[in-house]
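Two complexes come next, and they have one chain in common, chain A, joined by chain B in the first and chain C in the second.
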Partner chain A sequence: MTSTATNAVQRGRGGIRPLNIKPRRTMNWTLWAGLGLSGLLVTVSIAAQFWTPYTPTKPGVGDPLMAPSAAHLFGTDKVGSDIFSKVMAAGLTDIGITLIGVALAFVIGTLIGSLTGFFGGAVDAIVMRGTEIIQSFPALLLGMLLVSAVGGGLINVVVVVAILGFPGYLRLARAEILSKKSMEYADAAVLMGNGRLSVLFKHLLPNSLKPLVSFSAINASWVAIIVSSLGFIGIGIEPGSAEWGSMIAAGRDQISNWWVTFFPGVAILLLAMAFYLLGDAFADREVQ
Partner chain B sequence: MIWGVVTLTFFVSRVVAPDPTGLLVPPQATDAIKQAVRHSLGLSDPLPVQYFRFLGSLLHGDLGTSFATGMPVNADLLTRLPATLELGLVSLLWGVLFGVIFGVIAALRRGKIVDHILRIMIVGGMAMPQFWLGLTLIGIFFLNLGWLPGPIGRLPIGVNTPTPITHFYLIDSLLTGDFTTFSAAVSQLILPSLTLGLGIFAPIARVARTAMVDALDSDYVRTARAVGLSPTRIALSWSLKNAMLPIITMTANAVAFAFSGAVLVEGVFAWPGIGQYALNAIQQSDFPGLQGFVLYVAIMYVLTYLAADILYAYIDPRIKKS
Partner chain C sequence: MTVNADISRTRLPIMRVQNVTKTFSTISAGRRTHLTAVDQLDFTIAAGETIALVGESGSGKSTAAKCVADLLAPTEGTISMDGAPTIRPGRRARRRDHRRVQLVFQDPNGSLDPRQTVRQVLEEPLRNFFGNNRGELRRRVRELLADVELDESLLNRRPRELSGGQKQRLGLARALAVEPEIIVLDEPTASLDVSTRGQMLALLERVQRHTDVAYLLVSHDLAVVQSLADRVLVMYLGSIIESGPTDRVFTNPQHPYTKALIEAAPKMEYRALRSAWRLDGEIPSPTDRPSGCLLTNRCPVVQPDCHAQRPPLVAVDADHLSACIHPELLSAPSMDARTAS
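Moving on, here comes the complex of A and B:
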């Protein structure tokens, strides 16, 4: 206890703080874990488009409901498909929807947010109220509502995920631009004869991207869970298709055969963890 | 705000959702019958008319009649609300309690093993798909070990429901001295509240850890140490008190999260609360049921943030003054 106390006292003195290397080490740990994990998942799911141990959609490559073994690493499901191959093949659906949905939300939210933040006025006020309404919804519920309204399918789920996510980017971008537009370098850029839009997009926006990027990684972790939840309820991607959430839903009535639901769930957990770790690492770096 | 949420739900569900008539009449029904059903549901009127009728009855506390159950939505939700509140409060209780305790311990032992274990638990908790966690826990503790009952709601068949006083089974069974029911209700609650609670625990522990680390690094803690106060006293009565504000904010968020998480968790555990009701409503195009749920959740949000504001003022006198 005494040693902790002295440490804290030393850290309290401003001049010593940079010498404390602890936070940097943890940042690297989360960064590398996040990069490694997401790299692995992306590689495996892309590779699965060319090679899987068995044809993922083919029933009867083994007996129904075989426990994990050397021949079937993750076991087989009730029609005798190889779960390992299925989990590999489904990766592209989940990762793809998550990444495209997040990218859409990022671009739309950042664009609208920086414009309304820069120009202000009535449009800004209306847009802000609108995002507040979207954000005061339980996200998963709004997602379920929207998907059940427009129907499932890849593109619809991507769009819905983008709708759920963009208010976050919008508000963050707006706040960043608001805080920067009265800074001296913005004034200087205007004095140099730049147009207002070019000041916004060439000078203010690039300086505001860091928090947006770290937010997008955290957001992606949450989107991955929403996407699989929609699949689990059976309103996301067509039921029975290669998607981790719907694989879990399909195995739900046979949880005594634990491997049917276990492995797709681990995949979702790892994907969400990968993004979350990345977001954490970016956020730490930002603070420094 | 509530108005905005309700309006958005109304339009999203009415404009694009499928017509529920098909679910209510047999497939061989004639068009005339379908028309009559549609008319009796008020769906044949133009949308703005439907919207204002909906708002009007809302002001009288009337949420309409559920297409799925044929009962007034308000009555449906009120009978189901205690189940959700009981599950939510128990999850919140352990989530916040353990979140704060672990967060504080990790902050005090920063960089040590405990701290690393907690950080891994936080990342895992934040990234956990709850529906899967629920299924996995059922698989382990019910099917394999047989320690806990299966996902069959609040009480197993054959156990008497306690006399409704507060409608919380835990409290009612204790008040009436019915310990069989009490222990049955507790075992039914363990798995769902663990599932829901992990999603509360992780963000709370994270915030508690960060806030405590900041507080422990602050000048007033250095002064307190210099004065010679005991480390425990500094941690609990000085640092923790200052770390409480972010913890309360996060708790309010967690409550909001618990209500949306309840939809899936209640679905997995067949928990007869409003979340499960909403899940059914979505699957059966039951707009009034869904709108009612959304309204209830919106009201809960407002109450939660109000409670958080009151707590802020209680903990931090500076807020009360301004």
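Moving on, here comes the complex of A and C:
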């Protein structure tokens, strides 16, 4: 690369920056760590559906409360199930609920937020007050209330997680659309014969997605913790099933047998960290 | 541009702007105030002609341009094309009108969707207005690029990969795509380097010769106005204070504001910069317009009777109008003395 090429400067809304140099390379380790970690977790969780060292929820594959060993890497719980197998198998539940919940919240929140931001008016004001009401509750408390109202189970937990999450997407999408709405390319799109909805969905929304995507990754790490918290309290997924939060709950009275709570806890930590790293990496790219 | 050219353009106006007023209400210091951006604007545009709206920033020229392009609805007054008002209920009708009046934006960075390629920018209006025939789209896109002298190799570039001049040409091509009768040019060269400015002006003239499109040029750059416009409307604080054929307004301004505007333009001779025809102070707030002549607080030759009432536009000679009740003071010897000092 010659010096003229690398020094080519581009002027735009992002200020002045070199064209051919990729400055994000320096920050890329967060992206690769996030991708690697989430890739590992997803792979293991899917693999667990086909193979685990022991049947995950079967009691008595070993003696109760065996410490970690070569035969049982993470030890066994009080009914003698293999914790390593159970942690593997639980991954799909936690990751699945998190991803589907985040996807639902993303779609619903973005759709409503961009519409109300674009059209404004009374509906916008009412929707904003609504999101404020939802967000004024501590998320876990509201989650507990909703789950105990509608009952536990996979689908209900997913829906509750989406309800907890969508106001964040709604407000972000609304703010993005509000700032894009006054850009001249919105006026230009009108002149080019677009109706109002196609100005919104063909021009403004696609230009607003980046911050929403990085928010969703960070949001996913929060959702993962909410999901396992609900499991821990014992009102989400049915207790005793392969879910990291409820595994920790099962080990609550086993403080001296640390491995019962430690390994599912590490799993939750890794999942939250994977999403967080991804979100951080996306946010960095967006700034550049 | 000359008087002869003016006589040859005796065609009927295609657009008539009548008494267009645009006010905004704003809340400042807790009180609702009305801001008059454009006050009783009145002019016509004929096919193939170029009309310039000139004035400093805050004069309301951009608001007027947006009203003409149907991006803002006037508070009062009507804008009609061939006798029919441009703003009609229903989406279809609005679409048709956008086909007739287009706008080239001042800022080519903000007015191009950063995600669209050159091809997509040009295909979008063609699709929306003329349908989806692939072969036809390709042919028209290529034609449009040729019209604005852009290379076909740029088709898959995005705005950030184009130069300022290329972006502005793309903006013009996009406006031409729907074959409009009027194009509003909002400071078409303000964002360009001096070197590309001349090319853009030449291109605009060439396009007009080929398509007979009318331009409404909005600019504070008098050199641009002088080289493109047939007629000039000088705006100050939302009102037209002088209008007429470009050469007559420039050589024989009849309003102190116009004279000051012309003399304020940088010239080659250093002496001209020290003209006494200088407006002191700032343009007043459009929320608080003077009740008499709008220029009273800045005019170098203001007289007591200037405060009495808003002077109407009166004919100085054929189609040269001015809203000054003391045009004789513009060439007063006392002023020449001030100039010399």
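As a working rule, the second predicted complex is superposed on the first by the 262 of 288 C-alpha atoms of A that agree within 3 Å, B and C clash if a C-alpha of one lies under 4 Å from a C-alpha of the other, contacts with A are read in each partner's own complex, and residues count from 1 in each chain.
Note that a residue touches a chain if its C-beta (ideal position, glycine included) is under 8 Å from a C-beta of that chain, and two chains touch if they have at least 3 such contacts.
Quick caveat: nothing in here was measured; it's all calculated off a predicted structure.
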In this superposition, the partner of chain A with more touched residues, chain B or chain C, is B
Of the two partner chains, chain B (first) and chain C (second), which one does A:265 touch, if any: first, second, both, or neither?
-> first
Tell me which partner A:63 touches in the superposition: chain B (first), chain C (second), both or neither.
-> neither
So, A:253: does it touch chain B (first), chain C (second), both, or neither?
-> neither
Touch check for A:141: first (chain B), second (chain C), both, or neither?
-> first
Would you tell me the residues on chain A in contact with chain B in one complex that are also in contact with chain C in the other?
-> 11-12
Over in the complex, which chain A residues touch chain B? Could you list them?
-> 1, 4-5, 8-9, 11-12, 22, 26, 129, 132-134, 136-141, 144-146, 148-150, 221, 225, 228-229, 232-235, 245, 248, 252, 255-256, 258, 261-262, 264-265, 268-273, 275-277, 280
Which part of chain C faces chain A closely enough to touch in the complex?
-> 66, 69, 71, 91, 95, 98-99, 102-103, 105, 107, 109-115, 124-125, 128-129, 159-160, 164, 174-175, 177-178
Would you tell me which residues of chain A are touching chain C in their complex?
-> 10-13, 183-185, 187-195, 203, 206-207
Over in the complex, which chain B residues touch chain A? Could you list them?
-> 1, 4-5, 8-9, 12-13, 15-17, 108-111, 119, 123-124, 126-129, 131-133, 135-136, 138-140, 143-144, 216-219, 221-222, 225, 231, 256-257, 259-261, 263-264, 267, 278-279, 282-283, 285, 290, 293-294, 297-298, 301
